[in-house]
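Here's a structure for you.
Going in written order, the chains are labelled A, B, C and D, and every chain counts its residues from 1.
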Amino acid sequence: MRLVMIGLGRMGGNMARRLMKAGHEIVAFDRDAQAVEKLVADGAIAASSVDDARVRAGSPAIWWVMLPHGEITDGMVDQIAAGGSAGDVVIDGGNSFYKDDIRRAKALAEKGMHYVDVGTSGGVWGLERGYCMMIGGPKDVVQDLDPIFAALAPGMGNIPRTVGRKDGTDPRAENGYIHAGPAGAGHFVKMVHNGIEYGLMQAYAEGFDILKGKASEKLPEDQRYDIDLADVAEVWRRGSVISSWLLDLTADALTADGKLEKFSGNVADSGEGQWTIEAAMEEAVPANVLTTALFARYRSRVEHTFGEKVLSAMRFGFGGHVEMPQ
Amino acid sequence: MRLVMIGLGRMGGNMARRLMKAGHEIVAFDRDAQAVEKLVADGAIAASSVDDARVRAGSPAIWWVMLPHGEITDGMVDQIAAGGSAGDVVIDGGNSFYKDDIRRAKALAEKGMHYVDVGTSGGVWGLERGYCMMIGGPKDVVQDLDPIFAALAPGMGNIPRTVGRKDGTDPRAENGYIHAGPAGAGHFVKMVHNGIEYGLMQAYAEGFDILKGKASEKLPEDQRYDIDLADVAEVWRRGSVISSWLLDLTADALTADGKLEKFSGNVADSGEGQWTIEAAMEEAVPANVLTTALFARYRSRVEHTFGEKVLSAMRFGFGGHVEMPQ
Amino acid sequence: MRLVMIGLGRMGGNMARRLMKAGHEIVAFDRDAQAVEKLVADGAIAASSVDDARVRAGSPAIWWVMLPHGEITDGMVDQIAAGGSAGDVVIDGGNSFYKDDIRRAKALAEKGMHYVDVGTSGGVWGLERGYCMMIGGPKDVVQDLDPIFAALAPGMGNIPRTVGRKDGTDPRAENGYIHAGPAGAGHFVKMVHNGIEYGLMQAYAEGFDILKGKASEKLPEDQRYDIDLADVAEVWRRGSVISSWLLDLTADALTADGKLEKFSGNVADSGEGQWTIEAAMEEAVPANVLTTALFARYRSRVEHTFGEKVLSAMRFGFGGHVEMPQ
Amino acid sequence: MRLVMIGLGRMGGNMARRLMKAGHEIVAFDRDAQAVEKLVADGAIAASSVDDARVRAGSPAIWWVMLPHGEITDGMVDQIAAGGSAGDVVIDGGNSFYKDDIRRAKALAEKGMHYVDVGTSGGVWGLERGYCMMIGGPKDVVQDLDPIFAALAPGMGNIPRTVGRKDGTDPRAENGYIHAGPAGAGHFVKMVHNGIEYGLMQAYAEGFDILKGKASEKLPEDQRYDIDLADVAEVWRRGSVISSWLLDLTADALTADGKLEKFSGNVADSGEGQWTIEAAMEEAVPANVLTTALFARYRSRVEHTFGEKVLSAMRFGFGGHVEMPQ
């Protein structure tokens, strides 16, 4: 199939390459002309503008937009839609908020155009390993795009099969992509994925914190342990219940430096963690772990909260706190 | 009644004074001879040592120990017990761990001595307002000490009566003291009191943090408010659902300086918060608010946790985090 | 002043009565004609419709809308605006979301009309005690309405003055109302107030849970206490650090029935708790206590979460969990 | 080497078998004579009692105790110690509390005996895959036992090597076992492992809860998704950041029944989760995720907490809650 790729950063560029390897044709556009040139060197068709891309796109045009979420993606979708024709498909492969997808899908549907949202996990290894994808959009449109998704996905590989998974069920999940539902469903599932990711990361972080703190001189001497954290991460990778890819990464980092001294500990968050909590609240689902994991990141980025000063001020107020009973 | 007061700090000294005002006799001992002298000036009988106090104590001797919890109190109870006689009473008015009370009560019972634990709230205002007390120990012993507790307690004052509280029920609670149960029960109730206190304080702290953060320039301009926090605390004191003594203290502090600049925000915790969580876990009671309030204090006292560095290291590991999808 | 009161439920009706007592004139409208009649009996001017109210409102018309938040209030504001004139003032005294206030204020401003949002605490006792109010809107408009706010507010009463509060500062806070900022600021402060309220309530709830659980037969016999919870609540009201109005209510309830058997424990939440968390996330403020308090309510309303079944399924999966090490 | 295995349940029995396969000799004892017979059929030497085992143990005797933690293990260690000789080694392979290890190691050291604690992960798959082990005890004793640990461990297998792991460093971690430190360190690391496990499980549980709740009819119709959870678990296993063994188990369960109807959702916890939180508190490490994961299990096992009734009672108290503003 022929597909216009808009946004040739690390993700978009590598996806285009993986698609071309599988025999698809890529019309490539990026504001950065050098990024376009590089991809042309790998076999892509250059486009000098969105309008130029449209000319080369074929009919119906299939657009894969791979830009930072929010206003930039919105602007591009609008621009594509402005010159689009019925039957064209716009795929947003970035990290959009799923409610933006719903809005965009409605706007495009008024022109007979289709909108498909794709949440992607797999990061920088995707070119080689393939991209795990969660897809939202109209059933038949997603079906028509299957050759594209199949080419991007990792495939079954050598990951052991899930117990009870039968032949004859939808094979896409086992190949690393799913059609999650209508507009927004793909990004919604990817959003929850990232929410979970925050929780998993924080669980490991707290555990290693407790291991490290066990060397504290404030503890009784026979209860102090100076534990080799790299070795712990390593041994947990090997047959334990908590082995995971995130633990593998932790083992890499601790093996390089058991004190992690090059890291500040100011931890950013992208929007997905927050959106996940908003979704939980809209459903009245208690999500304590995912929330507290997000808040730990907020707290990591300031020296002190104002709230902590309020606590100090109250303690000063009831005064006796330096004495015995409060 | 005659009572030996051991430990004449701000709490012990003022309790002794309040007891003397009510007509009780105080034998006063402290390692700091000046503290003894001061209290003698207010009418107490000086004791130069524990043994000296014993001579002056009368029979049975009643000892009120008002020392920092832990080993110091343990040592004093042992010392008193070593020379004590059947029928003597040792009252621990400090912040002991209730399991220590249980242990001490058993040890004293072997000698026919009695042990009473008293958790006290009221801090530095107690001399004037009286002390709110939670008492553990044998029923008849606590009853015999009633004149002492009645003198220390605030009494009914002008606090409106609880709806449905009937005459004829145990009047002690309305007068500001209760017999909570056998050995340790007094300190247990006081411990939970302090656990709740942490939770309440953190709730206010987070609320004021959110109010203050609303001035942030990262928010859309029409959603930014530069709110006068002292005025907010003030107005909430006046007829709102969340009025409380802790809010009164917050209003004091914010009125003095709305930015609380003299406070660092490094917030200490005494043992009670931790013990409360241990008790919750022993009972399998979920205590999320009390726990997270305690943990906020831990976090306030370090620049960064090691766990935050682990998070940064993982994020670095999956690499694509500076790009779009993770 | 003359003011149209729309919505004569328990809150609106009593506010109207308090205003009339202070000499203000009320034009009263409610869909329920009986509610109008009742207020007319107390001195109000009846209005049979919004248009009828407009005729009797005077100029500029001042409208106090006291309806459930959301679409109903939106509809009423639209209806008032449709027939309104420059200079008219619409006051929303309900529990609107502050971003709705911002939107409405902009819409009214296009017609030269003013919008004022008032968050109110004080509930059913307000008629007698007065209403604690947090006000958002243009400075001069709020100033012009001062006679109304002053009449509704509790006034200084016999609540002790905050330490350091000086004569000559804005006296409104001490009288129980504040001008918090531009459109939405009143409801924003009230929203955070309710968020804090959830946190405070949960702190007490957890504490009493731990006290009650201490009677469990699973604990060692000498560590079991059968604590009289009504007495505990009572004694904490009297001189302790955690005395508050919410504790007073708890004492009332526990005095009536120490087991609280008439309560199911399915705890509702209104929108403010959720909005508070959203605000915290927009500001990147960690709000663990307020969030977990909200989530405890979600959890209280279901028999089991699906997540708990997922946990059970995983435990079944790694199988050894009924045996020794996992 | 020759080793006495005490406790031939699923774990102890399979460990003995794995050791015999590697050429070690097992003296087998269990209160259940049938369990002994089974292992004898696989090549073990039968022991009819602890004393009988001692006779057959060789010198120095090496005892591997694989019993439920707490009093039962304590009793067995005492019994072994009572008849033991200097140089004998007692290995506790169960889930003991690390402070019990410290105590036991001291008691045994007085007789010249050695104590080694081994935390084991790997559960029912261990016979085939090997056991991931965390070991505490004296360095030379642990070194002398290396042939045993090497035989039990999974070995390097086909798990990719951690980046930066160099030849020449301690090879044990890569083979699936570590010497974590002195007495108790093995069980301490295993305890934290289980604490993390709770956190990871809860993160997935909350995520799937949010996905499932997205079908709720309370949501706007275009924001409802009826997501196939088995497919989601499957696709996340394939190249996503959150792939893990726990996710594999979740995929198994959801593939069998996407509604998990056979599970009640009453989730047990063993002691390790609680001990992990106690350790965190002793170190003043904030461990919000691990704690809230534990508390979610507590909450799952009761219909309602008493705390929830306290909340309901307060809400009833301020009364206006069914009306508008509180």
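Everything that follows uses one rule, which is that a residue touches a chain if its C-beta (ideal position, glycine included) is under 8 Å from a C-beta of that chain, and two chains touch if they have at least 3 such contacts.
Being a predicted model, the structure only gives us computed values, none of them experimental.
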item: Contact-richer chain pair (by C-beta pairs counted) among C-D and A-D; value: A-D
item: Farthest chain (mean CA position) relative to subunit A; value: B
item: Rounded Å distance, subunit B centre to subunit D centre (Cα mean); value: 38
item: Distance from subunit D to subunit C - Cα centre to Cα centre, in angstrom; value: 47
item: Rounded Å distance between subunit A and subunit D, as computed from the means of their C-alpha atoms; value: 31
item: Of all residues in subunit C, the ones touching two or more other chains; value: 121-123, 197, 202, 204, 206, 209, 213, 241, 246, 252, 284-288, 292, 295-296, 299, 305, 307, 318, 326
item: Footprint of subunit B on subunit D - complex, ascending; value: 241, 274, 277-278, 281, 284-288, 291-292, 294-296, 298-299, 301, 305, 307, 318, 326
item: Residue numbers on subunit B that touch subunit C, as the complex places them; value: 98-99, 102, 106, 121-123, 125-126, 129-134, 153-154, 156-157, 159-160, 162-165, 170, 172-178, 180-185, 188-189, 192-193, 195-200, 202-204, 206-207, 209-211, 213-214, 216, 218-219, 222-223, 225-228, 230-248, 251-252, 255-256, 276, 279-280, 282-290, 292-293, 295-296
item: Touch list for subunit D against partner subunit C, complex; value: 9-11, 66-69, 93-95, 119-124, 190, 194, 197, 201-202, 204-206, 208-209, 212-213, 246, 249-250, 252-254, 260, 263-268, 270, 288, 292, 296-297, 299-300, 303-321, 323-326
